[in-house]
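Down below are the structures I want you to see.
Next come two complexes built around subunit A: one with subunit B, the other with subunit C.
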Partner chain A sequence: MSNYDSISQEISEIAKKLLKESKVDKVIGFGLGRFTKEITPIFIKKAEDADRLIFNKNCEMSLTKYLLNYKGEKVAIVAKPCDSRAINAYLSEDLIKREDLVIIGINGCPGIEGNTACEECNIRNAVICDYSVGQEMSEEEIQAEIEGFEDEIDKMNQAERLAYFQNEFERCTRCYACREACYVCNCEQCFTDSNKPKWLGESVKLNDNFTYHLMRGIHMAGRCVNCGACEMACPEGIDVRAFAAKMCSAAEEIFDYKSGMDPEQKTLLSEYKVDDSEKGFME
Partner chain B sequence: MADSNEFEPKIAAFLCTWCSYAAADLAGSSRTQYPPNIRVMRVPCTGRLDPFLIIKAFNMGADGILISGCHPGDCHYLDGNLYARRRFVMLNELMQYAGVEEERLNFTWCSASEGKRFAGVVKKAVDRVKTVGPWMGFDGQGFSKKEGDLINEQL
Partner chain C sequence: MMIKKISKERFKKLFDELKEEYNIAAPILKDKGKEKILEYDFINDFDQIVWDRQPDSSPKNIIFPQNSMLGNDYKGSKYYDDNLSTIIMGVRSCDIEAVKVFDQVFIEDDSYIDDSYKNRRDKTIIMGISCAEREDSCFCDSLGLDPIESDYAPVYIFKDEDEFFIKIKDEKYEDLFEDLPKGDQAQLKALKKQRKEEFKESSFTLDIPTPLPEKEMFEADIWEEMTEKCLGCGVCTYYCPTCYCFNFFWEGEDGESTKYKSWDSCMFSSYSVHASGHNPRDSKGKRYRNRIMHKFSYHPLNYEGLACVGCGRCIDRCPVNLDIREALKMTEEYLLEEGGDESGKD
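The block that comes next holds the complex of A and B.
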C-alpha cells in the first residue's frame, strides 16, 4: 500500500510538468480550501500552483463528474482506482474523449476515512491511466485487505431486511445529495424531476422514499463502481450505498460482470448472452 | 368465488402482446378457467418494460406482479426478451435484498399456443402471492380505503 505523502508529492510533480509543457489546460485534483482548510476539489491552471495538490484520507469526493463540465478542453484529472473505473464507464458511453484527457491514476489506494466502500474494495490499482503514482498492489495484498468482509444485510431474513431499510429511509429528506455526488447520475433529466410520467410524490413519505431508493438502485445495476460517494454525501448518514453495492455484487456473482474495467466494455443491461442465467424465474 | 373473507390478491400482469397476451386470449377463447386476480397490461415487448413500472406497481399497492413474454429466442423483435431477462434477474435481486418477498415477483415465458400453460401460470402466481398475504406497502402501513379505490380503478 502506498502512503498519502508520497502520492501527494508525485501528483504535484506530474501536474507541474504537465502545466509547464502546456499539455493540459487545467488539472483537477484535491486540495485544501481557501478558508476552511478542508479538502475540496481544486482546479489548477498555473504550474506554480501545483503544490496545492494533495491526497489524504479525506479525499472523499469523486472528481469524475467534473469531466462532463469541461468537454472539449484538455484536462488532467487525479483519479483514485474507483474514479478510474468511472472514467472508463464514461469513455464506454462516449461522454468524454480519451484524447482530451490525461489521467493521473493512484495505485495501491490506501482508502478514504469513513468510507465503508473501501472496506470491501477489491480494485486498488488504477485501471486506466497515463501517469501512475504510488505503488501497485498485488492480488494477494488486496485479498488480505478485504479478508473477513461480510455483507451484514445479506445475512438477515426478509422481514429484518425490510425493517432495516424502512428504518434507514425514514430519515431520508430526499435532498438528492446522493444523486448529485454520483458519477452515474448524469441524465439530463432525472426521473425524480419528471412529471410525465410522475414516478414519485413530492412530499417526503416513507413509501416514496423507499421507491426512490429502489429506482436509484436499479439504475445503478451494471454501472455503479461502488465508490461510496453517495454514502459520504448523505447528510443523514443513511446507508444509501446498500442497494448499489448489492447490484455490484449480484452482477459479479450472476453475470461475472464488473463495471468500468475497460473503455470498450458495454454496460451490463445493454448486452445479453443467449444462455444467461434465469435466476429467480418461475418454473 | 370463494367466501369474501379470503384474501384475494391483486396482481399486476405485464404481458407481451405477441405471445403471452395471445396466450391469455387463447385461454379465454378455449374456455380455460384461471383466477380473476390479475390485471392485465399489454406491452409491445417485455424489452419495453422499464423496471420502474414494476417498482411503481408496488408503490401503488399491487400485491404482486406477473411478467410474461415470449420464450427466449422467439421474440417478435428478435432479442427484446433477452435484454429483459437480465433486467429482471437484477430487479429480482434488488427487490429481495430490499425485503420484498420473492413470491410477489413472478417472471415467466409463455408462447401464443400455450393457453393452458398460461392458465396454470396465473394460478401458480396467485397461489404464491396468497402464501405471503397482502402487500402492506414499502412503509408497512397498508393502503387506505381511499387509495385502495384508486388502485381498483387503475390496476
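The block that comes next holds the complex of A and C.
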C-alpha cells in the first residue's frame, strides 16, 4: 500500500510539469481551504500553485463529476482507483473525451477514513491513467486487505432489513447531497425534480424518502463504482450507499459485470446476450 | 434584570419543574449512523443536554420545522405537547440572531405576517448560552455579533464549569426563576470579561461594505469560479439557521389531502424554474450568487443587519467544504479591483 505523503509529492510534481509545459489548462485535485484545514477540491491553473495539491485519508470526494463541466478544455485530474473507474464509465458513455483528459491515477490506494466502501474495495490500483502515482498493489495484497469483510445487511432477514432502512431513511432531509456527490447522477433532470409525472411528494416523509433512495438505487445497477462519495457526503450519516452497493454486487454476481473497468466496455443495461442469466434480483 | 447563580443539581431541579409546564428543547447527541451529531430536540432529561460546544445544527428545526402540516408540527415528538409553550435551552448568539432574522421577515414585516410562524414564536422562550470557545469554522464576531452575550434572548445562561449564572432580562419571565439563589453581578461581569479576553481571534475579517452593492455584484464575473467545486445540493441551506425559503403544497391520497409547508433551497436547480421551462438561475454560480446576495445585500437593504450570522455550519456540513468566508474574501478582492467601495445603501 502506498503512503499518503509520497502520493501527495508525486501528484504535485506531475501537476507542476503539466502546467509548466502547458499540457493542460487546469489540474483538478485535493487541497486545503484558505480558512480551514479541511480537504476541499481545488482547481490549479498555475504551476507555482501545484504544491497546494495533497492527498490524505480525508480526500473523500469523487472529483470525476467535475469533468462534465470542462467540455473542450484540457484538464488533468487526480483519480483514486474508484474515480478512475468512474472516468472509464464516462468515457464509455461518451460523456467526456479521452484526448482532453490527463489522468493522474493513484495506485495502491490507502483508502479514505470513515468510508465503508474502502473496507470491501478490491480495485486498489487505477484502472486507467496517463501518470501513475504510488505503488501498485498485488492481487494478494489486496485480498489480504479485504479479508474477513462481511456485508452486515446481507446477514439480516427481510424484517430486520426493513427496520434498518426505516431507521436510516427517517433521518433523510432530502438535501440531495448523495445525488450531487455521485458521478452516476448526471441526468439532465432527476426524477425527483420532475413534476409531470410527480414521482415524489414535496414533504419529507419516510415513504417518499424510501421511494427516492430505492429509485436512485435501481438507477445504479451496472453504473455505481462503489466509491462511497454518497455516503461521505451525507450530513445525516445515512447508509445511502447500501442499495447502490447491492446493485454492484448483483451485477457482478448475475452478469459477471463490473462497471468502469475499461473505457470500451458497454454499459450493463445497453448490452444483451442470449445466454444472459435471467436470475431475478428479488429471488 | 435579575441575576441568579445555581449549581448543576439545582438546574436539574429547575428543569424538572419547568418541564411540567413547558416543552423543553435543547442540544442533545443523536445517533446518526456511525457518528453522533449534536442537535436540538424536545427532551425530558436534563442530563442529556450537551452545553460545551456549538451544536451541529441550529434550533431551526424547532422554530421552523422542515415539514409542517400547518398547525400540527411536532406530532411525532414524545416530549412535545401542542398546548404548552416551548423553552429552547442553550441557544448561542449566532442562532439567536438567526431567530431575529426570522422574526423580521415573518412577523415584523408589515406586508405580511406568517401566522403559523407567529403562533409558534409567541409560544417560544429562548434561553441563550454564552459561548466559551471558538469553533474552527465560526465567525459571528467578524460580522459584528457578540459570542459572549446576545441582547435578543430574554433569558441567558453563563456556564462556569459546573455552575450556571442565569440572567433574566425580560421581567415577564422573572417569576419562573424567582426561587433561585441570587447571583453576584460583579462576578458575572468578571466572568464575561475573562471570556472576552480569552476568546480566540477569528482568522476571518469581513472587510466589505454591506449591504453589498446590488447591481455591481449581480453582474460580477466571480460567481462561477467561486462555485467551481459546489455540488449543487441543499446542505448549506438546510443547515443554515437563517435560510427560510419554503414551499406550500397539497399532498394526500384517496381523496384526502393536507396543506404542507416545507423548506425549499435556492441551491436546487429547480428552485427558480418557470412554468415555461426557463430558469433565470440556470447555473450554480447564479444560484450561489442569490444565496450570498440575499444574506449580505437584499436582507440588509430590506431589514436590519445581515442574514448571515457566522455560525459556520454551511462550512462544516458542506460535502466539499465550500467555505463562505472564502467566497466573501473573493468578493472583497473583486470589489477592491473594480474600485467599487460604495455600499448598496442609498
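Throughout what follows, the second predicted complex is superposed on the first by the 279 of 283 C-alpha atoms of A that agree within 3 Å, B and C clash if a C-alpha of one lies under 4 Å from a C-alpha of the other, contacts with A are read in each partner's own complex, and residues count from 1 in each chain.
In the analysis below, a residue touches a chain if its C-beta (ideal position, glycine included) is under 8 Å from a C-beta of that chain, and two chains touch if they have at least 3 such contacts.
Just so we're clear, the structure is a prediction, and the values are computed from it rather than from any experiment.
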Just checking: does A:I77 make contact with subunit B only, subunit C only, both, or neither of them? Give me first, second, both or neither. neither
Which partner chains sit in contact with A:C175 here, subunit B, subunit C, both or neither? Use first/second/both/neither. second
Can A:A221 be said to touch subunit B (first), subunit C (second), both, or neither? first
Applying the touch criterion given at the start, work out whether A:S277 contacts subunit B, subunit C, both or neither, answering first, second, both or neither. first
Identify the partner contact of A:A117: answer first if only subunit B is touched, second if only subunit C is, both if each is, neither if none is. neither
Quick check on the superposed pair: does A:I238 touch subunit B, subunit C, both, or neither? Answer first, second, both or neither. second
Touch check for A:L101: first (subunit B), second (subunit C), both, or neither? neither
Looking at the overlay, what does A:P41 touch: subunit B (first), subunit C (second), both, or neither? second
Where does A:V27 make contact in the superposed view: on subunit B (first), on subunit C (second), on both, or on neither? neither
Once the two structures are superposed, pull the subunit A residues common to the subunit B and subunit C interfaces. 205
Inside the complex, what are the residues of subunit B that reach subunit A? 51-52, 55-56, 58-59, 72-73, 79, 82-83, 85-102, 105-108, 121, 124-125, 128, 137-141
Please name which positions on subunit C make contact with subunit A in the complex. 32-35, 37, 66-67, 69, 136-137, 203-204, 228-229, 231-235, 238-239, 247, 249, 251, 260, 262, 265, 268-270, 315, 317, 319-323, 325-326, 329
Contact footprint of subunit B on subunit A as seen in their complex: 153-154, 158-166, 191, 199, 205-208, 210-211, 214-215, 217-218, 221-222, 242-243, 246-247, 250-251, 254-255, 268-270, 272, 274, 276-282
In the complex, subunit A residues that touch subunit C: 33-43, 61, 65-66, 69, 114, 116, 168, 171, 173-177, 179-181, 193, 201-205, 232-233, 235-239
